[in-house]
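Everything on this sheet refers to the single structure shown next.
For clarity, chains are labelled A, B, C and D in written order, and residue numbers in each chain start from 1.
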Amino acid sequence: MSTTWREWLISETPASRAQAAWGRRYRLWCDFRANRLAMAGLIVAVAMVSVSLLAPVLAGFDPGAQNLTLRLARPSAAHWFGTDELGRDLFARVLFGGRVTLGMVVAVVVMVAPLGLLVGCIAGYMGGIVDRLLMRVTDVFLAFPRLILALAFVAAIKPGITSAIFAIVLTAWPPYARLARAETMSIRNADFIAAVRLTGASGPRIVLRHIIPLCLGSLVVRVTLDMSSIILTAAALGFLGMGAQPPSPEWGAMIATARRFILEQWWVPTIPGVAIFVASLAFNLLGDGLRDVLDPKQR
Amino acid sequence: MITRRALMTVATATPFFSFAGQGWADTPKDTVVVGKAIDDIISLDPAEAFEFSGGEVNGNCYERLVVPNPEKPSEIVGEIAQSWTVSPDGLVFTFTIKPGLKFASGAPVTAEDAAFSLQRTIKLNKSPAFIINQFGANKDNVEKMIVATGPNTLTFTIAEKVAPTFVLYCLSANCGSIVEKAVVMKNDVAGDLGNAWMKTNSAGSGPFSVRSWKASESVILDANPNSTIKAKPRRVFYKHIIDPSAQQLQLQQGDIDIARDLLPDQLKAAQANPAFALSSAPQSYIMYLCLNQNVPNLAKPQVRQAIKWAIDYDGIQQNIVPTTYDVQQSFVPKGMMGAISDRPFKKDIAKAKALMAEAGLANGFELVIDHYNGQPGGDIAQAIQANLGEIGIKVTLQAGEQRQVITRYRARTHQSAILSWGIDYFDPNTNAETFCVNVDNSDTARNKTLAWRNSWQDVDLSNRAIAAVKESDAKVREEMYASMQRDHHQRSPFALLLQATGWAVMRKNLKGFTLAPLGLRTTFDQVTKA
Amino acid sequence: MQVEIQNLSIAFPTASGMSLAVRSVSLTLGNEKLGIVGESGSGKSLTARSILKLLPRSARMTADKLTFDGIDVLSANENAMRAIRGKRAGLILQDPKYSLNPVMTAGEQIAEAWRTHRRGGKREAREAAIDLLAQVKINDPARVAAAYPHELSGGMGQRVMIAMMLAPDPELLIADEPTSALDATVQAEILRLMEDLVSRRGMALILISHDLPLVSHFCDRVAVMYAGRVVEELGAGELAQAKHPYTRGLLECMPALSHPKPRLPVMTRDPAWLV
Amino acid sequence: MATSRLKALAATTASVPITLFGLVLVTFLIGRVMPIDPVLAIVGDRAPADVVAAARLELGLDRPLYVQFWIYLTKLAVGDLGRSVMTSHTVGEDIRRFFPATMELATVAIFLAAGIGIPLGVLAAVKQGTRIDHTIRVVCLAGHSLPIFVLSLLSLLVFYATLGWAPGPGRQNLMFDDMVPVVTNFLTVDALLAGEWEVFRDAVAHLLQPAGVLAYFAMAFIARMTRAFMLDALAGEYVITARAKGLSPMRVIWRHAFGNISVRLVTIIALTYAGLLEGAVVTETVFSWPGLGQYLTISLLNADMNAVLGATLVVGVTYLGFNLLADVLYRLLDPRVS
């Protein structure tokens, strides 16, 4: 092949469907790459994910290992971020905390996106009484004060990461359902869906094969933007003592236990705060950039 | 109002956004502002209030028949009672009321008021009522048991003979506060004996009276001009501040005069700061690890002892709670009659492991420990988790909101828990009973003591605790509690850990405030500000 | 009034570098009616809008010369351009559904244009707007003035648009496919109205369209654009003499009653045209 | 046209009671499965068994669940929200006291957020792709990325403890306590009604910091939506028309582009406003603000179910109310909706 990959990708006259598809993706990537803030977000997000995954290698300390003689030590060569109130290495805890936080984010997204999508698509596609019923349920959950619902839910089960995840899912799905419903309604009456219906495709098949894929673009954007709010909700739950429990190095819980040091050993609560901030900002920037590219009409 | 306004104009003459750092006015000279988490208050009615902050407020607003001498708590002195006698059979206590005492309304304090107050506590039958009704009174017979026999004399008849000091200490409890009958009955709604009104008001003869209580916001006490105890501050203002850091900040900024809930590290900083003075006193709260005997592994005596030998008491105390707790391994808190200074346990992994092997559990087992999600409970739980890990017990911590943990505890669904216990009244029986007595281990038991909650029945200790109450000889009684505690060390499913020390950090210009020990009265009547 | 365009190029950044949308176009316009014809994307709209400097933000414009009545448009800033826009040259867009502000009444929008350049009171402006609506042959000008764009038909909307652009009495009117969003029956009416007004006021007109015969009917001169270039310039009457194969192609694609063809030919494009 | 608008409105309004019913039901169920014994809050840990049993009976907890729910509903129907065990007041009284505090906070916050966020959003859209745009986006996103409790703590540390510019936590200087008669429970309004300027000034000073923190959080969303809407509007053909008319850039931006998005923005602001009511939960804790958020949290953790149900209901009603308001505004203000 004499042409380079790039030329193949940006060709105006693609020779195959695959080439067209990849060309389209490449062009989106080029648009995305041009957005420097979004790229910064992507790089930071990827870096955080990989650092979290490599935490056992990079940390150098066991995040749970206490050394009561060395409590609240200042940042030093041995302990880059200092130590906390039980003499645990803060750097290691922040790294492992990334695993907890990002793990929670992934778990929430994996549950909430399909759930919201399904409810929304069914409501949008079926219409009528099903739609009205599902939307009322959505309304109920939307009208709930989000953090309170999560708090109540966690309190009702028991504080911990698992219940925090379910609590966030419980509060996060309605907007997805709304989004998917709106998209479905706009697609439902499109000519090509009518055409598919003429070929005898069943309702579920239309929803699964034709409607859901078309909602994915806005869904991806929504998910990325939501990641930051998931991180923040998880941290708020941890902060209020209802999320991850000590000794788990979850960032919000770390701040909650360390906030009493804010006047003297300010770095102990501040460092996990910065971690939350950086992660959340990265996902926000990334989501913003993705929205510009994938979902220009929403911007 | 006029003077207050004049004060304020001066105070607010400072600019809206002052750059001077002290731009926001200091608190007024005649007002004491206390920063404290006061959301535990659910009522200010002394017949009902059973929580820490409510008790403190009552202590400033009411007087009782008798109280422990604040200088020497083992001695009982009269407050409203001038003197008292006990009948030879030990069943009838007769009190003579001091002349000249007045309620906030200006009306004199009479034996009728005193009798009414105690009857009212029994009749309302709220949480603290048992402190009085354990002597045999109930709402049907109370008017015969507690009688004003004259304008200045009152008799209190008990059903069976017990140590007189026990009775007197119980009468000194918060629920023995004397309220003004006329005021209370004026506010009676549907036979509630004024309970609804008394929740947010006061009718006592103490140095202060309640001006207002706004839940989760503030309690304001105004000096009671008619009290024989003349209060120096005109007003005491409890400001609800839940966050210790916020308390610290506001103390530094002069927005509050006293911070009550600072944490160890903040106390350390405050000690080093010349702008502050500190007051501390041992509190009645004892933190303990309990082991539910319905868990087979924990029912093995060797395991219970192994756990007690595995915990690093000193390490925990010195590193996590250096100022706010002391090591305490017996159930009677230091400072109370019957307390012993024994320290039988220290961290000894070899010994603990040997005990585990003896129990046939050399490889350890898994254990769930419930604890409060607040501090320092969380840190201590983690330290204990690490300690028990060394002898092979794999601990899973289960943190919960306070009432959530207690709900599980009361339902006996826990395996093990780290909790605190404070005394109900100023007599060792309060703790001896709860830590030892379990005469009915069924789910419908009337008295659900801590021993019951851990399904632990030790007939010998139960009987000895019940017998100790009846012993009139103070010396012998003290001995009985001492030996009970020593046996408790060896046999109980409780690893007693720490006794709380209360701290108040105040600004240097504040004089005359000290924290009272063991839940006795912390009062504000002698406080002055320079 | 004289518009001179020399060697105008307009480019847009894309993934594969800058892409030229207009390539070295040169045109001059006096007090006459010029038609610019070409298919979608041929650069005709951009060329016309460059006179008002109303190009998309990402567009990069270069030219040897671009003047409006001696004013150098290339170097003019926004302020200087505002002296031309509206006051001296108006622009009519394709579809009134989008080109009229949906949340302002027709009257407000016309009055706004009038007031911007004529400094009059509000009441005066309202009266002027109604008068202008009458001039574009609207029967019930007061009602239309009070109506929102979505309440008007396409033809009506375009009349509002014309009235709005004529309000400041400009010397040049640029009409960018003014009728392509309208019903065929309305198209002629609007064009006739426009031609009538332009002639009566002695204005110059640039009429952009993809409909060659239509344009030649209304204009003095026609420029044919293809792929960003002016491939041919003709007098309106000289269509028959068109030389460029693209122009010829355009003409042959037209169904005509006078010369019926069994089958319309398909346009063949020669890459050489691009050179 | 007017009737179709009214019909749509009526349909939206009709759905509110159904949603509220769902809200009550879900809260009720959560409250009942919570592993906290509601009796504990009333009688404490020490109470003997008979006192506990009496309290349980008093709360009606011995009845079957559906009976308890039915009793709650019938009382609710006559406006009786029951009594809070935490405060010993009726929940209605509590809400009248706590809700205005939160509303006051949220109201000041939303004004700050909209007042700063909208111009920033417009500016970012107008300067799209420039350094100004990037700066605004990052500053706004930062507000949305910081946990609100960190922001609150930092703000206290900086503006109160270090600089001394702001008064400390709480709703007012305690010397002013009880100075003005309670009319609305909006302290600023009450102070004005009483003509107490010092109290008013003090109340405003105490409001600014927590409201500022909330506003920064809300501003991010408002600015971001404004920017997005504006980009959309600026790309509209009618903007080209407006420019072709020779209008000044200010007029093009504000009258034409912004004029087109203002209705959509109103809905966004209304929704953000509703969101702030719950965003206040954490802020209130840090700033010792006696508001509904704190009330809800504390009641929840004490299983004070009447309080939780009542407060949730109020927040829910407010949220739905704002939604409805947004809907109404949209339908009434935007000439395009028919």
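FYI, a contact is a pair of C-beta atoms (placed from the backbone, for glycine too) under 8 Å apart; a residue touches a chain by one contact, two chains touch by 3 or more.
All of these numbers come straight from a predicted model, not from anything done at the bench.
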**Item:** Chain pair with more C-beta contacts, A-D versus A-B
**Value:** A-D
**Request:** Name the most central chain, where centre means the mean of Cα atoms.
**Result:** D
**Prompt:** Where the CA atoms of subunit B average out and where those of subunit C average out, how many Å apart are those spots?
**Reply:** 88
**Prompt:** With chain centres defined as C-alpha means, what is the inter-centre distance between subunit A and subunit B in Å?
**Reply:** 47
**Prompt:** Taking each chain's centre as the mean position of its Cα atoms, how many Å separate subunit A from subunit D?
**Reply:** 25
**Prompt:** Between subunit C and subunit D, what is the separation of their C-alpha centroids in Å?
**Reply:** 51
**In subunit D, residues with contacts to at least two other chains** = 34-36, 153, 157, 161, 285, 301
**Asked** Of all residues in subunit B, which are in touch with two or more distinct other chains?
**Response** 243, 245, 249, 401, 404
**Prompt:** Among the residues of subunit C, which are close enough to touch at least two other chains?
**Reply:** none
**Residue ranges of subunit D touching subunit B (in the complex, touch as defined)** = 34-37, 40-51, 54, 84-89, 94, 97, 153, 156-157, 160-161, 163-171, 173-179, 198, 201-202, 205, 285-288, 290, 294-295, 298, 301-303
**Item:** Footprint of subunit A on subunit D - complex, ascending
**Value:** 15, 18-20, 22-23, 26-27, 30-31, 33-36, 134, 137-138, 141-142, 144-150, 153, 157, 161, 224, 227-228, 231-232, 277-279, 281-282, 285, 293, 296-297, 300-301, 308, 312, 315-316, 319-320, 323
**Asked** Inside the complex, what are the residues of subunit B that reach subunit A?
**Response** 243-245, 248-249, 263, 265-266, 269, 315, 318-320, 373-375, 378-379, 381-383, 385-386, 397-401, 404
**Request:** Please give the residue numbers of subunit A that touch subunit B in the complex, ascending.
**Result:** 66, 68-69, 71-72, 85-87, 155, 158-159, 241-242, 245-247, 257, 259-265
**Complete:** subunit D partner, complex, touching residues on subunit C are 52, 54, 57, 78, 82-87, 90-91, 93-95, 98-104, 112-113, 116-117, 148, 150, 161, 164-165, 168
